[in-house]
Amino acid sequence: MIETVIRKRIEVLVDQAQTKRVTAAIDEVGITGWTVLPVSSGKGRDGRWREERVMGTDKNLVVTIASQENAQQLAESLAPILTSHGLLLTMWDVEVIRGERF
Amino acid sequence: MDSVGLQALTSPVVLFFVLGLLAALAKSDLEIPEAFAKAMSLYLMAAIGLKGGIEVAESGLDATVLAALAAGITAGFIMPLYAFWLLKGFGKLDRINAGAVAAHYGSISVVTFVTAVEIFEIQGNPPQGYMVAVMATMESPAILAGLLLARGGGSGGGQSTKELLHEVLFNASVVLLLGAFAIGWIAGPSGFADVEPFFGAMFKGVLCLFLLDMGLIAARRMMDSRSLTWRLVAIAIGLPLVNGAIGTALGVVIGLDTGSAAVLGVLCASASYIAVPAAMRLALPEADPGIYLTMSLSITFPFNVLINIGLIGAFAAMLTGGGAAVP
Amino acid sequence: MDSVGLQALTSPVVLFFVLGLLAALAKSDLEIPEAFAKAMSLYLMAAIGLKGGIEVAESGLDATVLAALAAGITAGFIMPLYAFWLLKGFGKLDRINAGAVAAHYGSISVVTFVTAVEIFEIQGNPPQGYMVAVMATMESPAILAGLLLARGGGSGGGQSTKELLHEVLFNASVVLLLGAFAIGWIAGPSGFADVEPFFGAMFKGVLCLFLLDMGLIAARRMMDSRSLTWRLVAIAIGLPLVNGAIGTALGVVIGLDTGSAAVLGVLCASASYIAVPAAMRLALPEADPGIYLTMSLSITFPFNVLINIGLIGAFAAMLTGGGAAVP
Amino acid sequence: MIETVIRKRIEVLVDQAQTKRVTAAIDEVGITGWTVLPVSSGKGRDGRWREERVMGTDKNLVVTIASQENAQQLAESLAPILTSHGLLLTMWDVEVIRGERF
Amino acid sequence: MIETVIRKRIEVLVDQAQTKRVTAAIDEVGITGWTVLPVSSGKGRDGRWREERVMGTDKNLVVTIASQENAQQLAESLAPILTSHGLLLTMWDVEVIRGERF
Amino acid sequence: MDSVGLQALTSPVVLFFVLGLLAALAKSDLEIPEAFAKAMSLYLMAAIGLKGGIEVAESGLDATVLAALAAGITAGFIMPLYAFWLLKGFGKLDRINAGAVAAHYGSISVVTFVTAVEIFEIQGNPPQGYMVAVMATMESPAILAGLLLARGGGSGGGQSTKELLHEVLFNASVVLLLGAFAIGWIAGPSGFADVEPFFGAMFKGVLCLFLLDMGLIAARRMMDSRSLTWRLVAIAIGLPLVNGAIGTALGVVIGLDTGSAAVLGVLCASASYIAVPAAMRLALPEADPGIYLTMSLSITFPFNVLINIGLIGAFAAMLTGGGAAVP
């Protein structure tokens, strides 16, 4: 039977234009990698957005797998700008194989 | 409206925009894929840059061109100032949102420019090719001005001045417009011949589809809007009227021909909805796109395309005494 | 097959479709990006609508046009009735899937229409421009008929009648086709000149790439299919044969020329795979796209393009005595 | 150390044409927002689908973060149409910062 | 109150060109379905990738919901190629309605 | 550089590539949507295939064509051998990465081919239409050779030989190029007339935008690179120089005209960055795209476009005594 270990999965919804800032924060904390998924529309307290790629005001979802400590550190480094930059951060525990990589 | 004005409004370019507005108002699910819409916007910028460069390669540069460039840049710095004052006072916006909106109105809209050129050509008043360069240089000054106003001279929301200047000078629209302009200038008319079917002949057709999409997006955003007040709507219509008149008069004063003066007016009247929103998202994430994008895209843009370009053209013709040549 | 028929089958438009089919059957990984394919489908509808409107602006409307419109709408309501009966009885589908499939076969396929126009033009029998309007009006009636059949007059799966009518009248295909038709009509030939290189000259080339994609998708869907029975395959080939003959005869009876009568036949023979699947997904989510899309896209569409258009053209020529002009 | 609270993350895979119905349900329950991600292909009991954007039979993934009660309510409001409309709903607990927003 | 059951959600990040291999593994294990999401860029130990659709070296995210046993079996069938094929696999427990379907 | 060489470098096609490189180096956020870039690459392959087929339909095939095909295929098998040896020895790559890189350099780049044809046409040495067929057949042999080298004759990383051959013969690029070639051949010049505005006239304009994107991507990948050593950079420049000279000489020996011999040289000099990376991702997932893609796309491709094509053209002219016709 295969052995899995527990790591944190963190997903940050972020403006296209601010994506680099989030991935830079991930790099700084020392997490090994990240992956960006496209997002097509949404609604929040600021209202609805959609079809905004031409205007460059669309969003991305940045996903990263990290150890508990790194995840905690990342959350802390992003916390100050969550509200001002309109980020949406969720995290939860996941099982991974080859845990030494994260 | 005279027959030339009517002819402008019945050009396919304007009609496709109206179709987009109507389809969205009727809640149709018509939608242009975003990747394709983005590609069209890049195509339009490359084509307009190229053509401007080629015309300059043919006509050369002279003092009038320099005057037009200087006028455009100056307007780009000054317009945000009174817009900011108006938006904070009459419009009741906070400093950050007022600065962001001011940046949009001080900058320019490439598609409004292109539509105006179409219409002025139909009316027999084609502007000079160097107005493309004027347009390109007018994109950035207002971004700078707006950001400085929004931050009140403060250190700014986490972005260094260096990053800021980089964004102002190397944002995608500026690079593509000026880059294509340079290519057109270097390659000249002979180099252009080979790519004319793509960048020249196809241009108006692509513009139709792009305006269809902009009509859809503008009307949908309008209907979804929560942040618009009547005060902001009034500004989104009043500012282009005032800026258009000032810009046109400025153009006449510095000696531009009817079409070019009218185009300077349109540039001043237009509000950016491609380059500046992207820049604000980067440099001023606290500002609300529900305000700046809805004002520039959903109110000012249709107002300019459907009404204000016609008014500006007539005003320029009046000032220069050069009436539209009725075909 | 005579040389004209052969010439039609060796037109690049048909050959690219065959290439798509073969590439998918050979399990090649060739794939057109979906956003681009969607953009091409919108382009084709805008272009065909525009051209139809312009031709009508030139030729005007008369009683024949009204007769053609009435014939098309009537056929759109009646064809789903016997299709439904056939699908439930011989095809052994349940009420919901039978209704959904019936809606597809009562409605029309824009791309089949366009391909037929290409082929009939090569054969020297170009149809009239107003047939675009006939096509556009034939999109919706069958959707209504099919949904009523599927729901058995019941209240329907959660969708109000108002929502339903909205979808039928304002779905993306209808809005774009009729909107572009209206623009073409208003702008007329002179307004069209500017956009001709994009919407006119490029048309057949884009159609080639689009048909390449449709060939890929149709064959892949065929190979993935789990729900097709030989009975359904028989219907997917038999219905277009019957509907094509009826439609052509109807066209001849109401006095259409050879090309237009043949096109009415093709419209009746064709099954929608763009507008109706989207409408069914909205109004009849319980129906299985594995049935309706596979039948219309993977069987009827290739059958029509490769065989039935040729048969219908020959049948129309026979009925009108107007043989294809061999070039 | 930053404080996180537990919220529910709900993801609903839904037909393009039915997406509005799901987001309307989210709005009705009173959840603050949602985000839509594009989906490119899939396979289920009804067979495989792919490259279906032209036909409008493609799918979306609707993601929303909500309190436990709101999540429960949403699940209940969608349950009756899960099968008929071919929805796929999964939910799990996630940590979020600024929990008062959800 | 609606009844939910616990299933495994498995997400595999995989090269465009290797996607079929992962979905085939899912099919073989007997899981009822899967869904593919597009991915736009990323960074790992092998460096950064982005804008690679033209070159065909971009990635996909394959999502599947499965019973615990099927999930375990899938993880085991993919484990040998995780490193050589550059897959990233995470899994976690989710609540689903209509649990008999998975 | 003489005026013809300069003219080639100031063609919009090359200038847009340079704009892309510069924009990326300046860290501009300019970006072409991937779906559109992919669509452009498919368009370019379809168009080039079509045009080649039509030219062959006009000119027919003869012994020279067969010789050119044989030369291309042979080169495709042999070039990877010494490339592999060089990459393992001098380049210090392991067996797998050396095999993957060797496959890229043995295969060809469609866009480099097209750019070379543009340039040689400007220089008055247009190659023959059948060189498209030579190009298409040169795509696959090196994939096979590279994989065999990488696996050292071993059983391979999980992929059966059947799967492998399928990928080599039916990968998207090969199917589209050869399929469009066949369509062009069947349809001939008369069938092509209808689609010429799309596949012919638009071609160079699309190529401009595509090269803009390739410039952006190549420079960004260069800047992100971690795996490049000076040894690999040296190979990525040295191999195209050597292969280009060998290929050109080979072309002259088998009796090709100046333009066609030069194009054979360019094909040998070019390294694939569309078909082969996709194939390697499938068949050799252990290989690092950070090596093979960065070498072929970020070094060899710009080197070929900006410098090597010019050198090869001059070398071919020297060997055949047929100087470029100065316009």
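By letter and in written order, the chains are A, B, C, D, E and F; residue numbering begins at 1 in each of them.
The rule we apply is simple: a contact is a pair of C-beta atoms (placed from the backbone, for glycine too) under 8 Å apart; a residue touches a chain by one contact, two chains touch by 3 or more.
If you're wondering where the values come from, they're calculated on a predicted model, not measured in any experiment.
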Residue numbers at the chain C-chain F contact, same meaning over half shared and different meaning under half, come out as different
Computed over C-alpha atoms, the centroid farthest from that of chain A is that of chain C
With centres defined as the mean of Cα atoms, the chain at greatest distance from chain D is chain F
Distance in whole angstrom between the CA centres of chain A and chain D is 18
Per the C-alpha means, the centres of chain B and chain C lie apart by a whole-Å value of 40
Dist(centroid_CA(chain D), centroid_CA(chain F)) in Å evaluates to 45
Here the gap between chain E and chain F, centre to centre from mean Cα coordinates and rounded to Å, is 35
Touching two or more other chains in chain A are residues 37-38, 40, 53, 92
In chain B, the residues touching two or more other chains are 31-36, 38, 172, 197, 201-202, 278
Interface with chain B, chain A side, in the complex: residues 15-18, 40, 46-58, 81, 84-86
Interface with chain F, chain C side, in the complex: residues 10-13, 15-16, 19, 22-23, 26-36, 197, 201-206, 208-209, 212
In the complex, the residues of chain B that touch chain F are 33-36, 38-39, 42-43, 46, 50, 166, 170-172, 175-176, 179-180, 182-183, 186-187, 191-192, 194-199, 201-202, 278
Chain E contacts chain D in the complex at 1-2, 4, 7, 9, 23, 27, 32-38, 60, 65, 92-98, 101
The residues of chain D that touch chain E in their complex are 13, 37-45, 59, 61, 72, 75-76, 79, 82-83, 88-92
